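Naming follows writing order (A, B and C), and every chain is counted from residue 1.
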Amino acid sequence: MSGSEVISRLKRDYIYNLMLKGEREDGRQFNELRDIALETGIIDKAEGSAMVQYGDTQVMVGVKMQVGTPFPDSPTEGVIITNMELNPIASPDFEAGPPREKAIEMARIVDRGIRESGAIDINKLCITEGEEVWMVFIDVHVLNNSGNILDAASLGAIAALMTTTVPSEREGKGEDYPMPVREMPVGISLVKIGDEMVLDPTYGEESVCETRITISSNQDGSICSMQKSGSGSLTPAQVVKASKIAKEKGEIIREKYLLEI
Amino acid sequence: MSDKPERFIDDEGLRLDGRRVDEIRPMKVEMGVLSRADGSCYLEWGNNKVLAAVYGPRELHPRRMQKPNEVLVRYKYNMASFSVEDRIRPGPSRRSTEISKVSGEAFEPVVMTQYYPGAVIDVFAEVLQADAGTRTAAINAATLALADAGIPMKGLVSACAVGKVDGQLVLDLNKPEDNYGQADLPVAMTQDGEITLLQMDGHLTPEELEEGLEMVKKGCQQILEIQREVLVSRYGNEDEEGEEAEEESPEEVPEPEEEEEERDNSFDNEESEAENSDENDVTEEDEGEEDERQ
Amino acid sequence: MKRKIVYPGLMLSENEKQAGTGTYVQDGKVYSLFYGVANDKNRVTVVPFSGKYIPSPRDYVIGYVIEVTSSNWIFDIGSPYDGLLHVSEYPKRVDSSMMRKEIGIGDCAILRIKDVNTSMKVELSMKDRGLRRLDEGRIIDVSTTKVPRIIGHNGSMVSMLKKESNCDIFIGQNGRIWLKGKDEDINRLTQAIEIIENKSHTSGLTNHISAFLRYEESDEIEEKEKPVPFTSSKKDYTEDACRKVDMLLSDEDES
């Protein structure tokens, strides 16, 4: 079964032994990010869009908006719906079919980062109280999985939202206006290999790690969402250390890629 | 939604986007853009943006889907939710399922399926932005992705659509022409002019059909030329260096026919000497086998 | 000897007797099957730029176990087809219950392909000398089309690599290469193999690599370019192509 989940023992040992020496397969430090590229506004048909690359990982995020009804308990708030598909185009290990637990978890992690940070002022997405609000669909389309699609998706989501125009004219609801974005959350993932926490994992590192932790932080440094994923465990000290790294790297990414938008 | 234009072709014979009736939209292409796929191609045609990737040949599960003497060519056409003005719900639709079927069938006559019995070649075509003619754009990209993946084929497949607006046949319909025109005929062809995909919506007289097929053949030839240019220009440098290298020391580069002798040389020298004689006896047999496989 | 870039369907020769590997014959003419490089020594052959390993009897391959059944180990050999190693082809007698202890899931080994039948059922053997489980070292992947170049004419390249790098090397026909030695030596050797892959068509390569391994020469291993989204603008092919086709068509009309 080529494309199976089995990793060769030698490969596993190699990555593990490198880690013991403080090294990684691609020569990076444990705390080093790959080269990141970000381009927005690439899909005209979408209200907002972004193409993100972390090394060879490529993710495209599109934002589409529709008029819809608000939830009964929040009559003046717009609705955010985040969707992520792990389509087989992106990896020999992804299978066709509706999203399964991994894809659903990832979509919800990206969603949580956007929602809990208050990045979108959803009260400004109200058309008629109790009747009509804007639905914001954030669709993450993974194109090539070379590891850490989660962080690429998170960055793509906020970048796409920051460049989204609310299409009021098209729907006959007044004038177009820019998406009301008031925060810039950045998601950072680390995986645990042995006793070390490693930033921005490649897919090789992901396949030998036991645990992943993803942390989203805001511009003011506060943490707005976290998720531990995978079968291993983390000590409280590791969680605290990870959150510090997440804040530090989040700032770097925000400054370099988001503030320019 | 855009309103229907009064006229599609003006007095000078120019269409809404300034093209003549037999002109195709501008095309931009880049190959090898996805690292995990065995072959890939990104293609822009007008405002269409499509990405094609090939995985294979690879193992096919479940077993009951395996064809005993051939490889299965499996084509999946998918539109991204954000690729059109009205968001598409993720997942296959009846339309995308149909397009997947006929597009895969467009390649079956040219892929040398007997090379990989029981295996599967997966072709994925993702439409990132749609602007009329996505299925033909996808096929054009998929052809290059298949070549990039090293799949043996008799030739390249090119696709284009012809349609009718204002009673006039036009090549490579744009969005308004597709929405409001009188006919839409997407076609895929091999380089010999054999049609491997053909669909039609609308009304055409038999004469218009014949003329339309002539027109779309020219369109496909133009696209074939683009595909050839992309393939050849990608490795331009290697060709030149190769020619120089030959003159200097021809014995450096092992010839494919001599591969058989070298197979055992990965062992320590003492071992390989013992085995070399076996291999030399075997060489002629192996060459024979190879010929049969053609 | 002429070498050129070819693609599927490109005509290579009007003489069907010249058809070599990587080509097919139709109406007495020879065409390329692959996107790759064509050579025309005595026969016209095409070597593809990329392709999967297709198992062939007598090949040596490097694989790893993905499943263990009651009488077989199933190996991933980097091919669309998995290989089966039956207990009887293992160098010593093993009880069914002890199979996983001998070689378990994830373990790597050097094997030889015993037979491939028409349904592509691949039978492996571990009985020949030198075939064994691999417990240490590193395995790297190279394109199967480059394997002959890395072995070299009569093993010239691989012998030099072993000597100059101080490493054990085994090259599987399936594009997997096993290396064993000190970390720095393996790293240098891995770089050397990468250079061979990229420069396989150049001459004087054996000497260049030899010097590289002795640290007498360096190689500008291309700095990995910063990623640029492929959605950024690219070359527009349409005008040139359409002009070419128009010219071709008008030539046809005239002739």
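Observations
Everything that follows uses one rule, which is that a residue touches a chain if its C-beta (ideal position, glycine included) is under 8 Å from a C-beta of that chain, and two chains touch if they have at least 3 such contacts.
Note that this is a predicted model, so its numbers are computed, not measured.
Two chain pairs, A-C and B-C, are weighed by contacting C-beta pairs, with B-C ahead. Every chain gets a centre from its CA atoms, and the centre nearest the mean of all protein CA atoms is that of B.
Chain geometry summary: the mean Cα position of chain A and that of chain B are 32 Å apart. Chain A and chain C, compared by their mean Cα positions, are separated by 36 Å.
Rounded to whole angstrom units, the spacing between the C-alpha centres of chain B and chain C is 24.
Shared interface positions of chain C, i.e. residues touching 2 or more other chains, are given as 80, 82, 230-231. Those residues of chain A in touch with two or more other chains are numbered 1-2, 42, 56, 58.
Taken residue by residue, chain B touches two or more other chains at 33, 49, 58-59, whereas all remaining positions touch fewer.
Chain A contributes residues 1-2, 4, 6-12, 14, 35-39, 42, 51, 53, 55-56, 58 to its touches with chain C in the complex. Chain C meets chain A in the complex at residues 64-67, 76, 78-80, 82, 105-108, 134, 136-139, 224, 226-232.
The touching residues of chain C, when paired with chain B in their complex, are 1-5, 7-10, 19-26, 31, 33-37, 39, 41, 43, 45, 47-52, 54, 58-60, 80-82, 118-120, 129-130, 148-149, 151-155, 158-159, 169-173, 200-206, 230-231, 233-242, 244-245, 248-249. Across the complex, chain A is touched by residues 33-37, 47, 49, 51, 53, 55, 58-59, 61, 76, 78, 80-85, 87, 90-91, 122, 124, 126, 128-130 of chain B. Contacts from chain B toward chain C in the complex involve residues 23-30, 33, 38-39, 42, 44, 49, 56-59, 68-69, 110, 112, 115-120, 147-150, 152-156, 190-191, 218, 221-223, 225-226, 228-232, 234-236, 238-239, 241-246, 248-259, 261-267, 269, 271-272, 282, 290, 294.
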